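Presented below are the structures under discussion, each in the form of structure tokens.
What follows is a pair of complexes built around chain A, which joins chain B in one and chain C in the other.
Up next, the complex of A and B:
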């Protein structure tokens, strides 16, 4: 009798913590957006009727898609080299990728304030070299947010993909080259397709992370480049518009979960190693 | 080596690694500069910005709060997470498969949404103290690391060893602490470190949960940057980085870092 429930008993505390402090509060946040006197969907109609908020959503999508695409390309080629590096060099390269990952988001975004500021390193170098006459305004642009986000997520992408690329059996690659494929053809036709599921996992991590980010867009984009995260904070804590903030929260949850579910289906279908 | 790497790719990877490490070196350099504004390369060397951290009471207080939160949240997550990870492996047949997904839900739900929802439902709804709500948020945030990492090391544990001990008369709880737990020690250490680092660096969950008088170090840094742009911020950042190095040195010592790549 006791044995039959042993598993549930042991799993109960963690299950309760997640149910009570995550599922219920988040469900409550989403539920309040449907209980407005103006009608079931009125907060959503208000969100999409506002040109400003539509712009914020659009900008957030642009920034996260650009970040994802750039991180994928950089991460894939770097991970390919890391995965083929000899033993000791490989561990150094992995540690060098882990270290920034373990350094906080605030610290890593702040670094770009020093680099991209009006009197920052980049402007000083460019004016010093005589390439530009006046310092450029690089902060508080979409580009600044994207650069810092790419910086944030490339290590994650490298680590995800090194694991995937290492799991590609050496025989498969050897078979391809001994059958006459050039290194470029092996790369395109064997290694890349086998890495696709890993690329999808990495892309999902980067997209959801950058879509819901707060600290980086706040520091490098400010008011001028408002994104969903910073808009949500502004609605809740500056305007005290909790319904508006909850609506943004609900839209974020729906988009993240849809992307995760859709992409994990695609990953499963595209996995060439599966039967 | 049958597969030579194109030299262009190697050059590209070197550039990527300069991109990855450069900004951190710049922060370290800027923290040592003997100027009242942030600059790199540093002009003159000084450690006074590090002393300055401890002269600002807001930093002193938030460093303590962040350390307390990280230790307590990690401990709580391990206390509820270890039995859950054990159950997921030992009683796999009894438990539904969605349960393991439930424990990673805190990663799936945007952190900022979790923070806001805890503010609405728990802090405002029940009037819980600020620190308690922060602790709830951080515990949830790090729970997936506790469950997943320990679950992964339990997956390679041979439960017949445990059965042998029990059949020889060892009580279940004693068996767990003397047989099972020592075998997954490295998993527990890894989970502890990942959880600790996640908690101490967190912004998005804490954002809505800090209040008058109680804040965390990353949130305080964000607030400070908006008002002052002096090297103190760089030195606080370096302090956080050193904490990371220290924690990583422990990982490296105890189990090697390659597990992080998995």
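Up next, the complex of A and C:
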């Protein structure tokens, strides 16, 4: 009895903060979207009737799913190398992976402006080598946004996966090879399934991060590559369309939750231990 | 199916440290051989070399005429049972056991049939659909055993398979392992630091120390006729007394220990005795006699402890500190001067190293 009471007391401050500063505002924001004179679902009908907004949603999904998929692949192999590296090299590799996180999102996105610009490093190198005659326009494309976001999120993925891969006992891998599994078979049947819980956590982090990203798509995508985050900002701060912005927020919450649930379903199929 | 294993002149290094030195060992088809020694003696290294997880610096490993030395682990076809079981945590018991069959291309239905039959043999048929996380230590080790046996390997290797189990289960499991191994007639290498376990389960035991085999023989020979001081100490000879022969009279030899005490030893009962030798006696092989003048080593008795079958005395003698057992009928007090008489059948003669 006392123990239960103590538990609740300890959790109370955090619960209160979450309730007051997260749940209430989100509930209030979403509630306004159902109180329009045009009907309960009228803002949502309006959103999905607009070809432009449907495009923005579709583009955001494409960008964030591509970012998640590419980060998963790059992050997994990088983490695999880090996890198998000997002691000192491992620390150096982890520091190298985390280093970009020490600067802000805006700074890191800005770096890509310099790399990908008309007179940027990449264009100058390519023209200097004679590979292209005219500078390519790489900025303000979907590709630019994806590249920058992958760069942004890979460290997160690596950190998540190194922990998971390190926890796979060496003798389990040896057991697999002693039973006749080639390195490729061991990877497919043992290492990968055991890494699934980590892959899902990483994928959820990267997906929610890139789906809701604002600064990177704003800087590298601009008006031409508008995504849900930048669209919401524009509705709220430029057009003062608060209900429209709230509608976008509500749709983003629903999509994020749906994707997270779908991913944990996949995880359970690949590895019955994953929850 | 069953094949002999030959290890020839194997040397291995970790970095620049040599952990195995010119080790040779042969295991006959169907035989169970234990590698016994303290941690760091090279027994696990030997197992890892045979399994293919380590590369030797020199030497060859041959299994039934097949040279394994350069083969990757997954082509060696060796069943391994690990200390920590090393079950696949994401696979059911049935899939764990079927894993090796799957790698060998055995189709689904046949694979399940064979895996279930093997689970039946280790008494786990009812747990086929559980995940390893839901099993006890003993059950996990049975699954590991079934998983290694089901592929019918020509060689089975055990790496301290029982050290994570409690004492009672350990004894039951080693009997079970021995019975399964006998029934299948699989050549086996068993690594352990537990002397009782090694002696009870093995046809022959290799006692290892500092990357070398000190003696390789049947448990009976190791226990009664150790070849050197290291093995003698290892198998429980508490007393190693350096002696030299001062007179020979036919089969009888008069030998002197440090401090001048003399013993008359019979070569008929103890085997040939060289001029300089070490007399190895267990505490049981050194009888305590109240009669200080008896034909033994004079000693002053120290601490007495009760063993149930005898009293054990810590003794001080000119030949050094000795441990001897005395009869329960005549407990003696510390400080008493006594004579310690070697019992020929329970002592052995070692060469000087």
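Here is the rule we go by: the second predicted complex is superposed on the first by the 250 of 275 C-alpha atoms of A that agree within 3 Å, B and C clash if a C-alpha of one lies under 4 Å from a C-alpha of the other, contacts with A are read in each partner's own complex, and residues count from 1 in each chain.
Definition applied: a residue touches a chain if its C-beta (ideal position, glycine included) is under 8 Å from a C-beta of that chain, and two chains touch if they have at least 3 such contacts.
Computed from a predicted model, the values in this text were never measured in an experiment.
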Practice problem: Mind working out whether A:138 is in touch with chain B, chain C, both or neither, as first, second, both or neither? | Solution: neither
Quiz item: In the superposed arrangement, which partner chain does A:237 touch: chain B (first), chain C (second), both, or neither?
Solution: first
Quiz item: Is A:271 contacted by the first partner chain B, the second partner chain C, both or neither?
Solution: second
Practice problem: Could you tell me if A:204 is touching chain B, chain C, both of them or neither one (first, second, both, neither)? | Solution: neither
Quiz prompt | First, second, both or neither for A:172, with chain B first and chain C second | solution = second
Self-check item: Comparison of chain B and chain C by chain A residues contacted
Solution: B
Quiz item: So, A:227: does it touch chain B (first), chain C (second), both, or neither?
Solution: neither
Quiz item: After superposition on the shared chain, which partner residues are touched by A:56: those of chain B (first), chain C (second), both, or neither?
Solution: neither
Quiz item: Of the partners chain B and chain C, which touch A:180 in the superposed model: first, second, both, neither?
Solution: second
Self-check item: Overlap of chain C and chain B interfaces on chain A (superposed complexes)
Solution: 174, 177, 183, 186
Exercise. Sort out for me which residues of chain B touch chain A in the complex.
Key: 2-6, 9-10, 12-13, 16-17, 19-21, 23-24, 26-27, 30, 37-40, 79-81, 83-84, 86-88, 90-91, 94-95, 99, 102-103, 105-106, 108-114, 116-122, 136, 139-140, 143, 147, 197, 200-201, 203-204, 207-208, 218, 221-222, 225, 229, 233-234, 237, 240-241, 244-245, 247-248, 257-258, 260-262
Exercise. Would you mind writing out the residues of chain C in touch with chain A in their complex?
Key: 51-53, 72-80, 82-84, 86-90, 92, 99-100, 102-104, 131, 133, 147-148, 151
Quiz prompt | Of all residues in chain A, those that touch chain B in their complex | solution = 4, 6-11, 13-15, 17-19, 21-26, 28-29, 32, 74, 77-78, 80-82, 84, 91, 93-100, 102-108, 110-115, 117, 119, 121, 151, 154-155, 158-159, 162-163, 173-174, 177, 183, 186, 208, 211-215, 218-219, 229, 232-233, 236-237, 242, 245-246, 249, 252-253, 256-257, 260
Quiz prompt | For the chain A and chain C complex, residues of the former touching the latter | solution = 169, 171-172, 174-183, 185-186, 189-190, 193-194, 271-273
